[in-house]
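What follows is a group of structures, each given as structure tokens.
The two complexes that follow have chain A in common; it is paired with chain B in the first and with chain C in the second.
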Partner chain A sequence: MSRQQEREAQIYPIVSEAVIHNTKILTNLQNVTASLFGVAAGILGLESYAGFLFYFAFATLVTFLTYVLRIAPESISAGLPLFDTSRFFRRAVDFWIGAVFSGLPGFILTWTLFYGIVRA
Partner chain B sequence: MAQLPDQTIHRDPQLFYWILVPITVVMVLTGILRHYASVLLATPSKIIDRPTMKEQRSLIHGQTVRNNHHVLSKKSFEARREVLINAYESGAYLKNGAGKDQAPTNPLTDPGAMDGMMGMMKNNMAMIIPNTLIMSWISAFFSGYVITKLPFPITIKFKSMLQAGVATKEMDPRWMSSISWYFLCIFGLQPVFVFLLGSDNAASQMAQQMGQMGPPPNQPMLGAGPDTNKQFLGEAENIAVIDHYSVLDDVELRLLKGIKG
Partner chain C sequence: MAWISRSIIIAGLLLLAHACYSVQEHAALQSFQAASSLTAGTPKSSGSLLPTDIVVETILATVVVCLGLIFRAPDLRPIQWRVWAGRIERVCEGSRGEPGHGFTGNPFRILESRPGFVDIRKQRHEFADWAKSRELLVRD
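Then we have the complex of A and B:
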């Protein structure tokens, strides 16, 4: 890291507790909604590709809604461009994609459970 | 190869009440039980005597000054540098006074280190034993039939793992026996545990816990017991070579730039 960047990081330091808190909130939300989406997919009787597509579409919707309702008001008023989460999260890919994959096991569990119960 | 027709097996609806739900309930409850058991059995952190603590803390002080020298002004940094280098070189912080070049402490005979290792082993045991017990209970009581169908197709290779008690050639690998439901539960219940018990509970994230065991901060150091005097001298040299600058150096210019923009 160049000298300039090092000084930048020291003048505006990143507090690790705050980062952990943010990611904790996001993963908690994703886990809960993933389980609920599993229930829905099982009851609807969705099969392989349709089920996964359902999950990814709705998980992305949830992420997008958290962006719009929580991050956008602060971030846009501070002058950052649209869809930029750098004020709250370190990397954009962590926010958009990582959270979606963290809920996947919970989704598969409840999906299998309800699929088996409803579609004998 | 002809596509296998969609196989539907007519199953007793009571199957769900007697098998699926009990296994799930048992796994959730043992997870919660394991968490509370680890809370109750946790060894309180050991209190170490004052000279040892002084030694460790002074080393940490030196490292912290080195890492964060940029928040200090030049004068305060210089003052700290003087004091620390003198103290390190004269051995003022050493546990046994001026006795330099001591043999490193052997971790097997040092009683403090044993406690640390026991703590880690206890955590490992607490994770492995309930899982093994549940697995043997399930394979004893719930083997020999398939329970449910996976909503998505998987390859034939998984059949040997997931259809443990039922040896048929043509059955779709999507049909699962109870062991496979157990595996699904292990992965899928972790978010549930995080949700119910808060995020640093002992029942969740088992792979992460097994990778990251570290001794709690108040214990004496594990490992080969490096010679503390050498550590001090190394630290003194590190501090002596720092080229100091402070984030306060141009702060008035940054403030003016921020106001102007």
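Then we have the complex of A and C:
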């Protein structure tokens, strides 16, 4: 941590409980929706790259919808610019990319399961 | 508000279950047709593409359930101390906050009632004035 960042943290302290709370909510949401996407991909009978593409497209959609529905009303009324999540997450990467990969195993699980069930 | 998101999720799951059942039936029908065409001796190129309505239904159901889940998610908390503490002071002033929501009341309560911040000289002056005024009243 550079001196500049350290100074920033001293001037604007951060509530670590709130950070943990927000990360937990986001991870929960991504995990549940990931298994849902697995169900959908299995029903559609997607294979190999198409399935992963499906997952990443929908995970991005969910992240975007979360921003629009849950974060934007509060953060824009607080005067932050568009697509700025610094009110709820320390770094932008934590929100936009961080949780996407945590849902991948759940996605593959339900994807293969439903592919097998539907086309048995 | 909770029942709205819950009913959205349930509707989406019903749609998804219906799509799943439709695909299963479609696959069964396809394999049956393939088998019967084999026995009839007329090989048919079975393009096992799903009907468009099932694809649309599946994607729609997924999006609907996602919307329900996003609506149902608990509120995020601001991470900056000043925003967070300011909101707590405004929201649960005196109510000590609800347990289980992570709020433990005003975090600066101790500071606000700390005796070290009492201006004792000013209070002594005030008391002296008050005592004087009472004395005057009694004398009258």
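We adopt the following convention: the second predicted complex is superposed on the first by the 112 of 120 C-alpha atoms of A that agree within 3 Å, B and C clash if a C-alpha of one lies under 4 Å from a C-alpha of the other, contacts with A are read in each partner's own complex, and residues count from 1 in each chain.
Simple rule for what comes next: a contact is a pair of C-beta atoms (placed from the backbone, for glycine too) under 8 Å apart; a residue touches a chain by one contact, two chains touch by 3 or more.
Predicted model, so just to flag it, every value in this text is computed and none were measured.
Enquirer: With both structures lined up on chain A, is it a clash or a fit for chain B and chain C?
Expert: fit
Enquirer: Pick one for A:Ile25: touches chain B only (first), chain C only (second), both, or neither.
Expert: Once the two structures are laid over each other on A, A:Ile25 reaches chain C alone.
Enquirer: Let me test your reading of the model: by the given contact rule, A:Glu17 touches which partner, first (chain B), second (chain C), both or neither?
Expert: second
Enquirer: When the shared chain A is used to line up the two structures, what angle, as a multiple of 10 degrees, is there at the CA centre of chain A toward chain B and chain C?
Expert: Vertex chain A, arms to chain B and chain C: 90 degrees.
Enquirer: A:Val93 in the overlay: touching chain B, chain C, both, or neither? Say first, second, both or neither.
Expert: neither
Enquirer: If you stack the two complexes on chain A, which partner ends up touching A:Phe37: first (chain B), second (chain C), both, or neither?
Expert: second
Enquirer: So, A:Arg70: does it touch chain B (first), chain C (second), both, or neither?
Expert: Only chain C is touched by A:Arg70; chain B is not.
Enquirer: In the overlaid three-chain picture, find the nearest pair of C-alpha atoms across chain B and chain C and give that distance in Å.
Expert: The answer is 10 Å, the least C-alpha separation in the overlay.
Enquirer: Share the list of chain A residues that count as touching for chain B in one structure and for chain C in the other.
Expert: Dual-contact residues (chain A): 28, 32, 117.
Enquirer: Which positions of chain C touch chain A when the two form their complex?
Expert: So the residues of chain C touching chain A come out as 16, 19-20, 23-24, 27, 50, 54-55, 58-59, 61-63, 65-67, 69-71, 73-84, 102.
Enquirer: Would you mind writing out the residues of chain B in touch with chain A in their complex?
Expert: Chain B reaches chain A through residues 10-11, 13, 16, 20, 24, 70-71, 147-153, 181, 184-185, 187-192, 194-195, 199, 245, 247, 254.
Enquirer: What residues on chain A touch chain B, complex-wise?
Expert: 7, 10-11, 24, 27-28, 31-32, 34-35, 41-42, 46-49, 51-52, 102-103, 105-106, 108-113, 115-117, 120
Enquirer: Provide the residue numbers of chain A that touch chain C in the complex, in ascending order.
Expert: Those in contact with chain C are residues 12-15, 17-19, 21-22, 25, 28-29, 32-33, 36-37, 39-40, 43-45, 58, 61-62, 65-66, 69-71, 74, 78, 87-90, 114, 117-119.
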